[in-house]
Structures are given as structure tokens and as C-alpha cells.
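In what follows, chain A forms one complex with chain B and a second complex with chain C.
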Partner chain A sequence: MSELITSKNLEQVIEKNKLIKDDILRLTNDFTVRFNKLGVTGQDKLSFSVLKENHLIQIPIDDEYWGGAIITKGSIKIPVINTAQPRVYQYFVAWHEIYHLFYDLSLRDETHNIAVDMDLNERRADYFAAKMIFGNVYDYYYSLDDEDFIDRVIKCMDVYKAPYKAVLIELFEEAVTKYNDLDLKEKILEHFDNKPENLVQKFIDLELDAELVKPSYVVSLGRLEKKIQSVMKENPDVSHHKDNYQFLLTLKNKIKKGVEGLVK
Partner chain B sequence: MKGESINDLKKYLSTGRSLKICILDNNSVEFLTWVRKSVSPEKIFSQYDMILIPKWVWVEVCDSDNRKSYINDLKHCSKVQIIDEVDYLTLVDYKEAELYYLFLYCCYNVSRLVSFIKKNILKNRPVEDLDPYEEWLSVFYEEGLDQKKLSNGRIQRKNAGEISISVLSYIFSYYYSGSIDIITIFSSDRDTYEFVSKAKEILYKDERFKDRSNTSITFKSNDLLIYEWTRLGYIDEQNIHTFLDSYRQTRRIKFTRKKQDNSIEEQDKLIDNAAFLEMLKDSTIYLIF
Partner chain C sequence: MSIELLFENRKLIGENILNIIKDNGYTKSSFSRITDISRPTLNELIKGEVNSLATFKTHIQKILESQNMNEEQLLNYVPKSKTKKELIFALSDNAPENHALNPNAQEMFGILEDIVHMCELYYN
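After this line comes the complex of A and B, so read on.
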């Protein structure tokens, strides 16, 4: 993902967003037309189902800063998502990776395109993710009658299935560029760098489903098992498919054992 | 062969003659011992200047006395050589890094082996810092390849033969293309075919190899041999039925067929003996594997 966003550079982020807004909105429309032919309505389900068609690998990795990536090998591009991160991050990362998978010019060719500004490119991926996830979060925020700022933000997280900072950035953008809402702007700057410590407990206290802020620890190896099974069936006299199948199962078991360690 | 004799082979390969070379796989040797009474080795091999068997294959051949004596008798019709994998380095003029890539690409179909090579042989170092070839080759053979104990007590290394044949054929293909016209692998093992095909795909994209001239590598599977023998009249029409019943089973065949407008269709199909018999009569068909 892009550079670490803090209250200090939040304004710059909004400035950058202005530059790319038209472009990104065009891509979000393009995505809906091209990839949501079945009319999936849940944004979280939609992103994962599209990624799965592109052999998404889901594995828990014990690294809180590593959300996911597109692994390129020759002309093949495989998305990976870290399922040891809370689900809200996974949903955001999924959209971020969809941008890279379909719209990132630096990944389009086999050769790395150095003409692309990498920082701005990551901003574009994040902004694309935000635009796919959020509806009118500003109005939703104001429709909540909770007095406490954090409680309202958490309710926004719950409704849009979005990470804490992503909610704040979206609110900040609306407050600054559309409504000149100085009061909200101040509140966001005040809280931006202090994400609530125990989000799970906060969700429970607010009678929300806390699963959203917990990891899912899903292990899924991009439909590889099915793929190998089918080539095994087609070519019974080729032994290396069986070997590869065994290797995959061993690998999967290893990962699952590792997961047990993570969950404890 | 060791030391001196590999240099003799190198000299022979560099004479600039249009050599025809055949590399034998164990499964084909077994098949040829069965059909020996119908088709003599002379008829099959006298057209080749040289018959080669990598040592890892030779070890498998020697599990059967029949196969071993068949190979020993081949010496009457052509030059037969068993090549130790250690000598591959001499054959590639000591270009160790290139030899490493040939091995890697010939293993590419087996994920476990690719992972083993990267982890235990390359060990995250640049390819220039590899251990000496002889050392890593022995690590690869002893630890990388799966093993199974045979009833005769010998430890069999899985895929050793296929990999060695593939590497050797690419050594001839890329390093001696000027003096070799034909490199034919006698094998009915689909793994061998796929190892060679996969390596070809990668070599054609690889900067180190893609622009070099090379001799193409072809196959003679058992089915292709039978097809050839019926054409040449080695097996006559009355006997073909019995011949197929005794020596052939349903097998997947890759072949081409010429259509009425002279365009060519490719097929890859499971063919039983009845269908194969029909194919033998069809002159628009060319077997690939």
C-alpha cells in the first residue's frame, strides 16, 4: 500500500486524490460494467469472487504490515491476500489488488514500466478501493445520533466493511472538498493517529458483529487442487501431475499447521 | 564413460558431419526386447550414427538382463555410448551456470523439484556462486529425487531417467547443432515427452538461449515405431492384429491429420487397439508422440 498516512500528510493525500479522481471514477464504472455481470451486491463478496476467478491465494502471514500483493510470473498474475489480518483490511486489500490486477499499467507488461510514479500508483489503488467500498459515508456519519466520534466511526466501519483510517480519509475528503466542515475536519485530525486499541471489544460494546475486526485465517490455494485433479484425470499416464498434487497437499498441511500456531 | 572417452565423444561431435543421434529411454528398451523376433535391432538402429544412454537410465536398464543384453548387442549396428551425468559439464564446455538452467528447466513440471533446486542448490545465491557441478548434482540425485527400494534391493530414483535424457538432448541440441541433424528420443513415457516440451517452452523465452541455433528434438514412441514398421512392411497385415494384442495397450496419442483442403488438425486422444488399427491404414495421419 501507499506511504503511511498520518494526520500530518492527510491534506496532501486529499490533494493527490483530486488529481486522480476522474480517472478512478471512470475505472470504478468500468469495473462494474465489465466484471459484475452476475449483479453481486455485497462489495466484499464481489471483490473476492472476481479475485478467485484469477486464482486468488489466501494465506495467513504473521506480518501486520503485509496485506497482500500481486505475484507476477511471466505473463501470469496471481493475487495473494493475508488472512491473518482483520477482515476489514482484507476487504480493502482485495479492492486495492483488483486495481493492480486489471488497471495497473506497471503490471500490464512483463517488463516493469518505470515511467509510472509508484507512490501515485499506490494512491490510485487505495483510492480505487475506497471508491468501490464507500457510498455516501458523510451523510451516513451524520445520520448517526451517537455523541461519541469514535462510536460513529466504528458504525461506519461496520456498515461499509472498511478499515478505520479508510473511513476517516473518506470523511475527511468530503468534509474538506465538499462541505467545508471544519468541525469534522478537526475531529478527524485529532483522532487520526490514535486508532482505538481494542476494536473487537468496541464492536461488542456497540452490539456489532466483531468478526469484521478479527482475522479469518482462511487457507485457499487458488483452485489449484481442482485444476491439478482435472489434469490428472485427463492424463492418467503422466506421473508428474500426481507428484505436484502431493506437493500441494503437503504445502497446504504445512500452512495449516502454521495457522494453528497463529490462532493460539 | 569417463575422462578420455568423453573428450573422444566431443571430438566426434565436432567433426561437422550431419550426425543422426538416438537417445534411448528404459521403457523403449523393454518394448524393443519384446518385439525383437519380429523387428531386428539392425532395422531400427542402423540409420543412427550413435545410440546414447545416460547413466541414470543405464542403471534402470541393468535391472533386467534382457534389456542389458539387448543394448550390448546393439554395438553391432551402431556406436553405443553410456554417458555419465558428471560428464555433461565437459559437453557444455564447462559452462556451469548454463548447465544449471538446463537441469532446472527440465525439472519444471515437478514443483517439488523446482522448489528443491532453488532451496538446496541455488540457496538464494546468484547462479555464479553455485557449488561445483559434481557436488550439487550429487545432492540433487541423492536428496532431491524421490526414492523407492526395488525388489532387487536397488534404490530407484524417481524421474532420474527422464530428467537426464531431457538435459542430454538439450546439450546436443544447443551445443552441437552445427554437426547434428537429428536428435531422436526413443521413449513412450509421457513424462519424458512433457519434460522436454516444458523445457523447450522456457528455453525459447530465456535470454541465455533464445537466439541460439539448435537442433530440434523428436520422439519415437512405441506407437510411432509400430506405425513406421507397418509402413516399411516389417510387420505384415495378417500379423498386425496379434502384434497389437501382444504388445500394445490403450494409450494417449498426439498426432496430426491432413484435412481435405490440406490444412492440418492436431489431436491428442486416448486410442484403443481397434482405433489404432484404423489409424495404421490412414495415410493422412502423422504421429507426434
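After this line comes the complex of A and C, so read on.
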């Protein structure tokens, strides 16, 4: 479980980030070299394309807190993203889960398992996500002409496709550790716990694409459907593959009915 | 061998049923459909918690027929697969401690568990 970050523990979070920064930057470089051989440039597309190669399940779950998971069962690891959450969260969660998928020592085989501080482990996953998403958000924030603090933050959300709090944490870190920007620090602390209530309308008012702050409700079961179809073709006499395939279609229909209920 | 003997050993029979499900590529739900046993009853059978001999007999007969097995084979079933680890989650979840999932979310997690079980069968 990720710790809930508030204005009260924001400085502690930045202190934790200092401890893991070098390690996480090494991992972001490693990721780019090993997993982006095709040179995908959109960070949102890159994270999803890598997860899809690892059988990503996209499923809408009606829960505002549950963003996703890596489910380990036997020898397999399956990434899951909750598509009932706004797209900005999905993009962040995708990178968070990539950390768990490739770099989380607590999810390795039992023989390689070591004692892991779970709070710090989650901080590492969040920090990895932030470092994969953000470029120079501090300079971008100051390049904006708008006077209103919230408008600037929303424009940062739009450019980096990042959640409200993630933008503020990144700005806070730069303001505190790099520029000693006390004015920005105070503004962030003042607004951190008061996320704007109607982000969709705020995006529309600022002439931005509001889809980013809406759920996508995508339903995808990875390549499971095709995999079972191909096994059925190879083994036409084995009846339980056909049975499992029908069962999978039933599950898919149930999910789609659930989506209809959420969209209404 | 009689079904009464199986009934006396219903905890073991439950474990064997679960192993038959795993070894043959079924999910609990797909197995419940092919045997025409409801999912809750199947869960009770697997846990060895069916306390009525008549009910136990009816359902065990269905399993024996669907698997083309006799009572002795069911009692002495040797699992092909070693026991798999339970689901391990690396969650992205910062819910407050007293947060409860709503029924729709609970249902979706049930579906997700079935899908992951199928992933385990087909991606290994």
C-alpha cells in the first residue's frame, strides 16, 4: 500500500526521495536502454506498450483508491490497471507497476527474496514513476504566463499527463532541494490537500483536452483470448480449452455490463 | 468402495477435487458448470464442509461421471501439479484503513481472480 501523502508529511517524502534518488535514476536509465529499443517517445504509450508485452489486464474497478497491481501467481506476474480511474492516474500507476514488475526485489522468486521495507519500496515505485514521467516541470511551471497557481498546475498536468499531487510533489522537490524557492514551497503546502473538485470543468475552461481527467473504461484481457484460441486450434479434441474459452467470454461480458453501470 | 467412505474422508476428497480442477486446466467456475454443481456448493465440497450425506452423494456422483473416475480413484488421487503459491499482490492502493470495497468492486475482483487463474494455466 502506498503511503497517503499530505502537506504534513511532504517534507519527509522529499527526504526519502533523497535517499533513493541515485538508485532510481540508475533504474530509469536501465529501463530506457533495455525496454525502449523501438524509441517510443510518448511516455504514456511506452509504459502501456511494455506492460502489454507482459500480458497487461485492463479492467474497470469501481474503487477510487485501487489503481492497479502486479499479481504474482506461481511463476507468472500479471500487471493490472484499473481503467475506472482517470487516465492521468492510469499513466502514473502504469509506471509504478513497471517498477514492481522489473525491479521490485520483494516479488522475485522465494529463493531470492530478501527483507524489504514495504513503505520505502512503494516510495521507490512512486519515485520511479515520477522520474519516468516528468522532464523539467519546474521551468515549465515558470514559463507559463497565467497568474493563477492552480491553472499553472493544471497545465503541468496536461503537458506531463500526470496527477495533481504528483505534479506538486515534483515541483516541491525542485523548489526545496534545488532552488530554495520558498514562495513556491508555501504555495504548494497551501494547496496540496485541496485538489480542485471539478478537474474536468477546469480543463475545459482552460481549453485543454478533458479526456485526460476522465476514466477510459478500457477492457482488455491481455492476449489471453488469442492464446486460448490458438491452443484450441492446436488441440481440437481437448474439450476443456473450449469450455475455458466460453467461460472467458462470459467473464468479459460481465465486465462490459459492469462498465455500462459505471458510465451511466 | 462406497461413497460413505468418501463422506467420512470429505476433507481429503475436497483437496483432491481442488487438485483435479488445477491439474486439468479448469477454473472453479468452469468446473462448476461442467459438473452442474453451483459455485457455493463446489466451494463447500472443496473445503470438506458438506455435512449432508445425501447432498454429498449427489454431487460426488456428478464429479465422478464428468471426470470418468470411480470412488477409489477419487479417494487416492495423486496431484500432478505441485501446490502453487497463493496470489501475491503489489498494490497501487492508498485507501484509508477503514475503506470498504463496494459490491461492484468486489464482484470485479472475483472476475479478476478467475482471469488470473486462466493466465496461470495458459501462460506457463
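Everything that follows uses one rule, which is that the second predicted complex is superposed on the first by the 258 of 264 C-alpha atoms of A that agree within 3 Å, B and C clash if a C-alpha of one lies under 4 Å from a C-alpha of the other, contacts with A are read in each partner's own complex, and residues count from 1 in each chain.
Following the convention adopted for this analysis, a contact is a pair of C-beta atoms (placed from the backbone, for glycine too) under 8 Å apart; a residue touches a chain by one contact, two chains touch by 3 or more.
Source: prediction; values computed, not measured.
Partners chain B and chain C, brought together by superposition on chain A, clash. Of the two partner chains placed by the overlay, neither chain B nor chain C lies in contact with A:131. Legend: residue contacts after superposition of the two complexes on their common chain; A:4 is shown touching chain C, with no touch to chain B. Touch criterion not met for A:16: it reaches neither chain B nor chain C. In the superposition on chain A, A:235 makes contact with chain B only, while chain C stays out of contact range.
In the superposition on chain A, A:187 makes contact with neither chain B nor chain C. When the two complexes are superposed, the chain touching more residues of chain A, out of chain B and chain C, is C. Touch criterion met: A:247 reaches chain B and chain C at once. Applying the stated contact rule after C-alpha superposition, one finds that A:165 touches neither chain B nor chain C. For the superposition on chain A, the stretches of chain B under consideration are 25-33, 43-51 or 97-105; the one running into chain C is 97-105. Shared contact residues on chain A (touching chain B in one structure, chain C in the other): 74, 240, 243-244, 247-248. Across the complex, chain B meets chain A through its residues 109-112, 115, 146, 158-159, 190-191, 194-195, 205, 251-252.
For chain C in complex with chain A, the residues that touch the partner chain are 24-27, 29-30, 33-34, 84-96, 99, 101-102, 104-105, 107-109, 111-112, 114-124. Contact residues of chain A toward chain C in the complex are 1-4, 55, 57, 59-63, 65-76, 78, 80, 93, 96-97, 100, 104, 106-107, 110, 125, 221-222, 224, 227-228, 231, 240-241, 243-244, 247-248, 251, 254-255, 258, 261-262.
Looking at the complex, you find that chain A touches chain B at residues 74, 235, 237-240, 243-244, 246-248.
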